[in-house]
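We call the chains A, B, C and D, going by the order they appear; numbering starts again at 1 in every chain.
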Amino acid sequence: MIPALPKTQLLAQCRKMLLVRHFEEALIGLHHEGRFRGHYHVYIGQEATGVPAISLLQPDDLLFSTHRNHGHILARGGDPGRLLAEILGRRDGYNRGKGGSFHTSPRELGFLQCSGVVGGILPLGTGAAYAAKSRASGQIAVCLFGDGALEEGAVPEAFNLASLWKLPVLYLCENNGKYGAGNAVGAMQSSTMAVYPLTDLPAAYKIPAVQVDGTDAAAVHEALNESIEAIRSGGGPRFIETLSVRWPGSETNWPVVKAPTAVDLAWDVSGIPEDVRAWYRDSDPVLRFMRELVESGQADKAELETLNRSVLDQINAAVDFAFDSPYPELSEAETDVFAENR
Amino acid sequence: MIPALPKTQLLAQCRKMLLVRHFEEALIGLHHEGRFRGHYHVYIGQEATGVPAISLLQPDDLLFSTHRNHGHILARGGDPGRLLAEILGRRDGYNRGKGGSFHTSPRELGFLQCSGVVGGILPLGTGAAYAAKSRASGQIAVCLFGDGALEEGAVPEAFNLASLWKLPVLYLCENNGKYGAGNAVGAMQSSTMAVYPLTDLPAAYKIPAVQVDGTDAAAVHEALNESIEAIRSGGGPRFIETLSVRWPGSETNWPVVKAPTAVDLAWDVSGIPEDVRAWYRDSDPVLRFMRELVESGQADKAELETLNRSVLDQINAAVDFAFDSPYPELSEAETDVFAENR
Amino acid sequence: MRQLAYHEAKLEALRELMEEDDRVYLIGGTFFSLSPHRLGFAAVEKAYPDRVAAPPISELGFCGLATGAAMAGLRPVVDLTTGSFLFEAWPQVCNEAANVLYMSGGQVRAPVVFHMLHGLRGGGAAQHSASPQAMLWNCPGLEIVLPSSPRDVKGLLKSAVASENPTVFIDHSGLFDTEGPVPEADHVPLGQADVKRAGADVTLIGTSLALHRALGVAEVLAREGIDVEVVDPRTLVPFDLDTVMASVEKTGRVVVVDETHQSCGVAAEIAARIVETGFDKLKGPIRRVATLDVPVPYSQPLEEHIGPSEGRITAAIRESIG
Amino acid sequence: MRQLAYHEAKLEALRELMEEDDRVYLIGGTFFSLSPHRLGFAAVEKAYPDRVAAPPISELGFCGLATGAAMAGLRPVVDLTTGSFLFEAWPQVCNEAANVLYMSGGQVRAPVVFHMLHGLRGGGAAQHSASPQAMLWNCPGLEIVLPSSPRDVKGLLKSAVASENPTVFIDHSGLFDTEGPVPEADHVPLGQADVKRAGADVTLIGTSLALHRALGVAEVLAREGIDVEVVDPRTLVPFDLDTVMASVEKTGRVVVVDETHQSCGVAAEIAARIVETGFDKLKGPIRRVATLDVPVPYSQPLEEHIGPSEGRITAAIRESIG
């Protein structure tokens, strides 16, 4: 379902979902063309989690993400040009080219760290919440991470601290492993996590925890809304697990786009290669959102086509911007090791 | 209650409990006399856990303990002379003086590591169980550790591995914090652990977990018996939490004996200083065991007095043995860094 | 000038920090481990109950928490008690705190202080006696502070907390009862070595407790007419090579005394820098007096044997002046 | 002699180990990270489904598990993929595995192998590019192996697994496609350095991928008549100082090329040992070409700039022969 919001907001969310999707598809294309090196991870399939979730945060809230951060940055209003420039290691990237894909982290948007260490942000985000509570700033901290993080001991340690000290932190666990690789058929039990459902782990630490369908924007909106309110009113940490089905393009370590996203796919997937068709039909959150927008009368296909084209234009401009950006000066390699002490 | 066992076995358990108790009291005395240096932790108050628990293991089972290991070693049949020699850093210590109190670890008794890193043995013990299962040796691994260990991330990581791979390991968590320092009055909730009861944590990992009174030898015997059987028959890991009340002599970091243990204290605590009397009356597992032995007709006080005297004699001999043992040669400092490769 | 014990100067620094800057939060430990001086800390705890937190036994978690809190505006000081327990927090310290400023391209600072005691402490054995400063020096992005005197512990602790960077502050329990002058209003910046004893014949470089052994040996050898200059770098990062080299140029002979294990230890780095910068000034090899490359034994005579003892320092100096 | 690629020789070692010793268990990873050669490992996995385990993302847990399994009689080989993830397991590796033999007084052995890739890998950035061997060299009780050739990777991997001690086996993805001779029945013991190129003018010491850069530079300089000897220690612990010193005695000039960060890095220790042992043989300072003391930047030109590049090696050699 779509969230109960005014049309302008719904279209803004749709736009962001398309922005994420097209950004990632373009990125994969650029990588296949050999136009940048390095490992990267795409957010395809999780757009209906990140976009509504992040739309509910305040401007001064503090965000932490992982290697799968592109979607979060764009959902928060990040500039695709500067994001791509960072992924290319260019001077105009958010981190001046020093961070790259995993670590792009726009401070101006409230991002404090995007860590490539699985589980690493949970203690950090819990600490940001500690600062917020200590200074009564009214901020909350949000940790956006994958299901795999719960296998790292850092995570239960963070849960314990957050629960004991009633810290204003939201743990948003994006479980993209539903029916995915490594999982037993027909079950959600992962081959590498004995705790099932995952919400049992935070629950053991007395952190209220819920599961929602991460491809259902309305469900995400509602769960987040409730949790954020509880956190802001001093209720301590909350945990939300959002479920999505792994995008088949990421079955290998180097993603492949077999079916570029287009508006009409929302109603007709027959043109999509058979081996991946089911995902686009049943599990694609962007196509679903567009379908629901039309079904609920909030938009017509033509509007969506216009929106989609404008997003594609924006991506093209971003690609140009990023490739026009030069590499940093070599001297940059030796700056930012230490901040100057006063 | 006392376990349903033949008298000889009950007296043997009583003897071991007294051995542990008198060993620790003697040790505290020696430390106060300045006859050795270094930090150490005593097992007083937990005798009715370690003694019956360890009596149920097979000779080739694999044991792992912590800084609070003296009781485990003696319960397993360790020689108090060699244990004390180790604590004094002498050549005849189990580890030739290189380990000390925390790390005394008689391999011949099945001990593989006594670690001073809180939580450190849980991955190790889980690994020994992995070896046992891999080689179908029939052994089980036993990790003996305190409630504090559950605060370390290593522990949930170990739980996950043991549960996923159905490893033959027993996690015996000795919670000596009942009503103890750092805990809220009248509750068992620790100020440093949000999970309560502690068994909720292994349970989240689908490890069957029970709580028992760790000062009740029969309860410990029964719980261990059942768990060990389940583990040996391929049922995977088990978790047992035993509850005991922290001995008041260990309220500071350097223990103090305010009332040396004697048989008749089991029936009359009036001679014990008032500030610690309640513990000896209500929570002392050794006095309780002796009381129950007599009440159930398995022994009379005179037998216990004889037993007690013989234990004290053994301790005296152990002290002499340990102090007669020389320090290691200085060249020993540079051996055992590496085992020779063939 | 007033004289204070090291533990008094350190406590004074903690008190003043709490008083002067409400962004300072203390997390964990007693800052004096199990020593009786921990009672002094209890008073600070009582005075600022909301700004002193006793965390669970979760070093990885609470070092990460402190780092995140620093990113979000606090000035947390974490006490890990023993340096060995820093290992538990290694990924948060070496892979998060140390990297965030750089990998964010200068956007995010993590002005956190990690405090701990290091080294041979008398019966600490293999698992409680680490001196992690050498490993940490191999991890760019961390400042490393090693006070050795009452004046330094106060001044450097205040500079560490004032610093914009993650700083590892490493004490030694063997220093707590040292006495020395502590000026009322004082400033000891990071990155300024201190010549603790002037001399002409040989340069002895040492930090923390080992520095005191070096000073003791220097006094004894003075009676024989051997004039030892003792230099205390005080901080490894930043490192004041100029002061060290000024001494080396004068003496041409160098002994480095240090409690980290020898291989890839602090003494190795100091030796390598001196060779690179002032090979021509050297009259002979640089000698290292470090902890032997063995895990720390429990037994007292063995523990004493492996450390940078006065006997080994004396021998190294004698060899050095040939 | 037959020629194999590094990845083939390594895979052959893994296969033979599994075949020859049923105590060998493989835990984690692919032993070839994300490279296409991981498909070769998939075949081993298939052949021994009960002896190859895919653990959760719990490096601390599974390194401890492997260590405990080794104590109890197995010969586990753990793959951590990237050296940076060894940080997660630091307490189990440096405070449990490294210490158990010593602190048990020789009673308990932990013959476990920790395998990982190290170093600058092209876009790994600050958190995926660690070279932990320098930090590990400061932790007594661990053997450290750094192969650089097809022959060495096979021989050393077999020796590492045969060793009675915990061993850290450190690969570099940049080596996988290197070709070289690999004798059918071969033995490469730990602790034996290898002169990879004989020369008379200057001694170049290097390990792992950096060794190949050193060899490349040596060939180029040979055309100018500069005759470089290239020595590969192959293992840091045990370290073959004799072979290194034999070369130093011949040339009197030393450059150490290494990919760990410079401060307290591998080059520092090698330099310090040479100075201690053979100061009189040195004609000038020992030069280090190590990774600059900065976190690893993502951007390609910056990453190339901070590593031990051929340009920097060449410059160091030229300075050295002055």
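What we mean here is this: a contact is a pair of C-beta atoms (placed from the backbone, for glycine too) under 8 Å apart; a residue touches a chain by one contact, two chains touch by 3 or more.
Here the structure is a predicted model, which is why all the values come from computation and not from measurement.
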Label of the chain whose CA centroid is most distant from the centroid of chain A: B
Of A-C and A-D, pair with higher C-beta contact tally: A-C
Chain A and chain B, separation of their C-alpha mean positions in angstrom: 48
Chain centre separation in whole Å, for chain C relative to chain B (CA means): 37
Inter-centroid spacing, chain C versus chain A (mean Cα positions, whole Å): 42
Residues of chain A engaged with two or more neighbouring chains: 95, 97-99, 103, 115, 117, 151-154, 157, 160, 164, 191-193, 337
Sequence positions of chain C contacting 2 or more other chains: 55-56, 58, 60-61, 84, 88, 91, 95, 102-103, 125-127, 140-141, 293-295, 297-298
Chain contact topology (line, ring, star, complete or other): complete
Contacting residues of chain D [partner chain A, same complex]: 34, 54-58, 60-61, 84-85, 88, 122-128, 292-295, 297-302, 305-306
Chain D contact footprint on chain B (complex, rising order): 62, 64, 93-99, 103, 105-107, 112-113, 115, 117, 120, 122-132, 134-135, 139, 141, 153-154, 157-158, 160-161, 164-165, 335-342
In the complex, chain B residues that touch chain A: 151-157, 159-160, 163-164, 191-196, 200-201, 203-207
Interfacial residue positions of chain D with respect to chain C in the complex: 84, 87-88, 90-91, 94-95, 98-99, 102-103, 125-127, 130, 134-135, 137-141, 237, 260-261, 263-269, 271-272, 275-277, 279, 282, 284-288, 293-295, 297-298
Sites on chain D touched by chain B in the complex: 25, 50-51, 53, 55-56, 58, 60-74, 76, 91-92, 95-96, 100-109, 140-141, 143, 159, 162-165, 189-190, 238
